[in-house]
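Chain lettering (A, B and C) follows the sequence in which the chains are written, and residue indices restart at 1 in each chain.
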Amino acid sequence: MAAADQLSKARAPAVSAVTLVRVGLIVGVLAIWELLARSGWLYRDVVPSLIAIAKALVALLSSGDYYFNLGVTAGEVAAALAIGGGCGVVVGIVLGANRFLARAFEIYLYYLGPTPKIIFFPVMIMWFGVGSGSKVALGALSCFFPVALSVAAGMRQIDRVLIRVGKSFRADARQMVTKIYLPAMRHPILNGVRLGLGIALIGTLLAETKLSNKGVGFLIINAYSTFDMPRMYANLIVLFVIAIGANALVGRMVGLHTIRR
Amino acid sequence: MTAATPARRFLAGDLAPAATGLGCVVLFFIVLETLIRTGVISEYIVPPPSEVVASFGRVVMEEHIIRRFFLTIGECLTTGVMITVFGVVGGVLLYHYRILRLAVETWVAALAAAPVVLAYPLFMVIFGRNAWTIIMIGFVAALSPVILKTVEGLAGTRKVLIDVGRSFNLSASQQFFKIMLPAALPTIFTGIRLGLIFALINIVGVEFLINYGGLGQLINDLAERYDLPGTYAAICFVILVSVVFFMTLERIERWLRPTN
Amino acid sequence: MDNPILVADKLGVRFETAEGPVTAVDDVSFSVRQGEFLSIIGPSGCGKSTVFNVIGGLLSQHDGTVRVAGELIDGPHRSIGMVFQEESTFPWRNVTDNVAFPLELTGMPKQNRAERARHFIKMVGLDGFEKRFPGELSGGMRQRVSLARTLASEPKILLMDEPFAALDEQTRLLLGDKVLQIQQQLKQTTLLITHNITEAVQMSDRILVMTYRPGRVKRIVNIDLPRPRTSDIVGSEAFGRYVAQIWADLREEASRGMRDEEDHMLHEAAP
């Protein structure tokens, strides 16, 4: 958002053309949606009226039940990120710092990373049961790889010069860690965690949709099985807003933008 | 790129770390096998690696793995064609109409970060529990990088090449097809590669989740039948396919960018 | 000069910058005879690349006029062939397809194109490399490909903007030889923009020296060295005198340029 807005502010005054286009697009899509909904052209309720969705949203956000499930999911995602992300950070630091280990093992991470982890879910169920454990395990497995790779790459980019500066001032081991390594590592680690958050979210939620009786994923699949479409849309909307919002928020915290120019 | 990407040739100095890595992996499996055989780890939770390997043959024969493989790959390629067509056209449109690009580019990037696959129940409602749901989820999840990289490639055309075109008085369409598009092709392919990877991951995942399709469904099937070694074998097979797919795409991309 | 092939009359270019309008080029006029080799030389910031862009038709916002064989130019003129300073070969085409590019545009059939292209590839000394891609060639070879491509369009006037700037001295001298050879063979009217005095004196019939910004014509020097020339001429006494003379002019402009830059930086650094 930031970069594009700055670009448009540099050019047009008052209400920028960009904003107009965006509003226009959104209004257009909503209008087509409502038309489809009312036309009865598609199978009933596949495209519910916007009003029905709005009602479902209100119902959702005002029910304590939703927040309970949200809490369950949030807890699972947090645990998944802590375990998978935590291991990822440690492994990433080790691989980033040690060239030999990196050349020995990183290739496995690199090629195993872009594979679908949800297929491990039956194994997770066997190992951790049908409760939250298996969801957390899957989330952790999902986010371990990208975090490890991202942190390792980030570590390698730390300017070697900074380390030599520290040594030239004869900093002892503790000082090296606290004054040079940790501050320098902060950015790659936070960046890796930001990446891991999104992936842990997806992994955990997918697991919930497959086999669960709690959590946001469960609510979605439940709405599907009862064919309560407005409720499903409402759930999905809230989920996407949270997911994109959380990503943007953490990104802001780390000082990154969603578009790299 | 990480230190471990095999972009360079295998040198003698690579032997030690590669051997260490491979050695550790082999050691891990040996230890695992021993622990299971001696009962430290229950064989009803983790089947011995040897049994998993043994069941490979059975899984291949009985579960029509070739047919399933082609089904999954077919879904992937369909998605691939769709994201290429719509992604490149979309990218060209965004590049051409500046106002559209300024308005929409952030949204497209957000789409890449959005957990599209989580909406699979919605897709099932719309398309049914069949291959189209799978393909469409793959499409929506994979479209974004193609659009973004197409825009990036076109926008990043070196000014001097555009000037060469102008100095030869090329028409706008000649300029586009003879200079900008060829110049952008390597970057566009990077986008397609990223898209295809997203696509494969999502496609196999959804096949598993909705219990329809090729390889993903196989795993679901075997798991529900409590065929432990078979399930592990199928998972290994899918991982293998995924790795080979990824490597092939990398190779093609490297071929397109010889000067890098 | 009667019947000059190129006439630049009172060229002027102004740019809007963050610090206000800047005059890059002011009241530059000159003519070029058919078959002549004219170099335009000047310090950095004298606007010579701007002149290149104006004559090449890539910059239409300017004062004054440019006529090619009497015709007023309005955009890139078909009789002017441009060779740019930066890497400009098409990396996705091999040498032959690069050189044949202008032939492709005129609709020449494929068979004839390859043959015709080979003629120019040989001319720049790259025979044997027809099927190679630019990525496999050195910087100097790539510039030769660019040159061959421009020559293939058989322009009346060859317009080059510091084509050898990115190359090392030896390669530059040898390529300079090549260009000279070609120019003498084809009797090609050539306009070379450069900051390299040796290069300019080696190759030119006349040299136009520009002042520092705003770029004006400081002096036009006739180079009365015998033709045909090769890089051997670099050692001769007459050569040395011309170089010294032009250096004297340039030094004055170059130091004005440096002082101006320093002032500028101090200005910016001050709160």
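Convention: contacts are C-beta pairs under 8 Å (C-beta built on N, C-alpha and C of every residue); 3 or more make two chains touch, one makes a residue touch a chain.
These numbers were taken from a predicted model, which means no experiment stands behind them.
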Argmin over chains of |mean CA - global mean CA| returns B
What is the chain whose Cα centre is as far as it gets from that of subunit C?
A
Subunit A and subunit B, separation of their C-alpha mean positions in angstrom
19
Where the centres are mean C-alpha positions, what is the separation of subunit B from subunit C, in Å?
48
Subunit A and subunit C have mean C-alpha positions lying a whole-number Å distance apart equal to 54
Which stretch or stretches of subunit B touch subunit A in the complex?
1-6, 14, 16-18, 20-21, 24-25, 45-46, 99-100, 102-106, 109-110, 113-115, 117-122, 124-126, 197, 200-202, 204-205, 208-209, 216, 219-220, 223, 228, 231-232, 235, 238-239, 242-243, 246-247
Report the residues of subunit C in contact with subunit B in the complex, numbered from low to high.
56-58, 75-76, 78, 80-82, 84-88, 90-93, 101-102, 105, 133-136, 153
In the complex, go through subunit B and note every residue touching subunit C.
158, 160-161, 163-164, 166-170, 174, 178-179, 182-183, 185, 258-259
Within their complex, state which residues of subunit A touch subunit B.
1, 3-4, 7-8, 17-18, 21-22, 25, 46, 99-112, 114-116, 118-123, 126-127, 149, 152-153, 156, 198, 201-202, 205-206, 209-210, 217, 220-221, 223-224, 227, 229, 232-233, 236, 239-240, 243-244, 247, 258-259
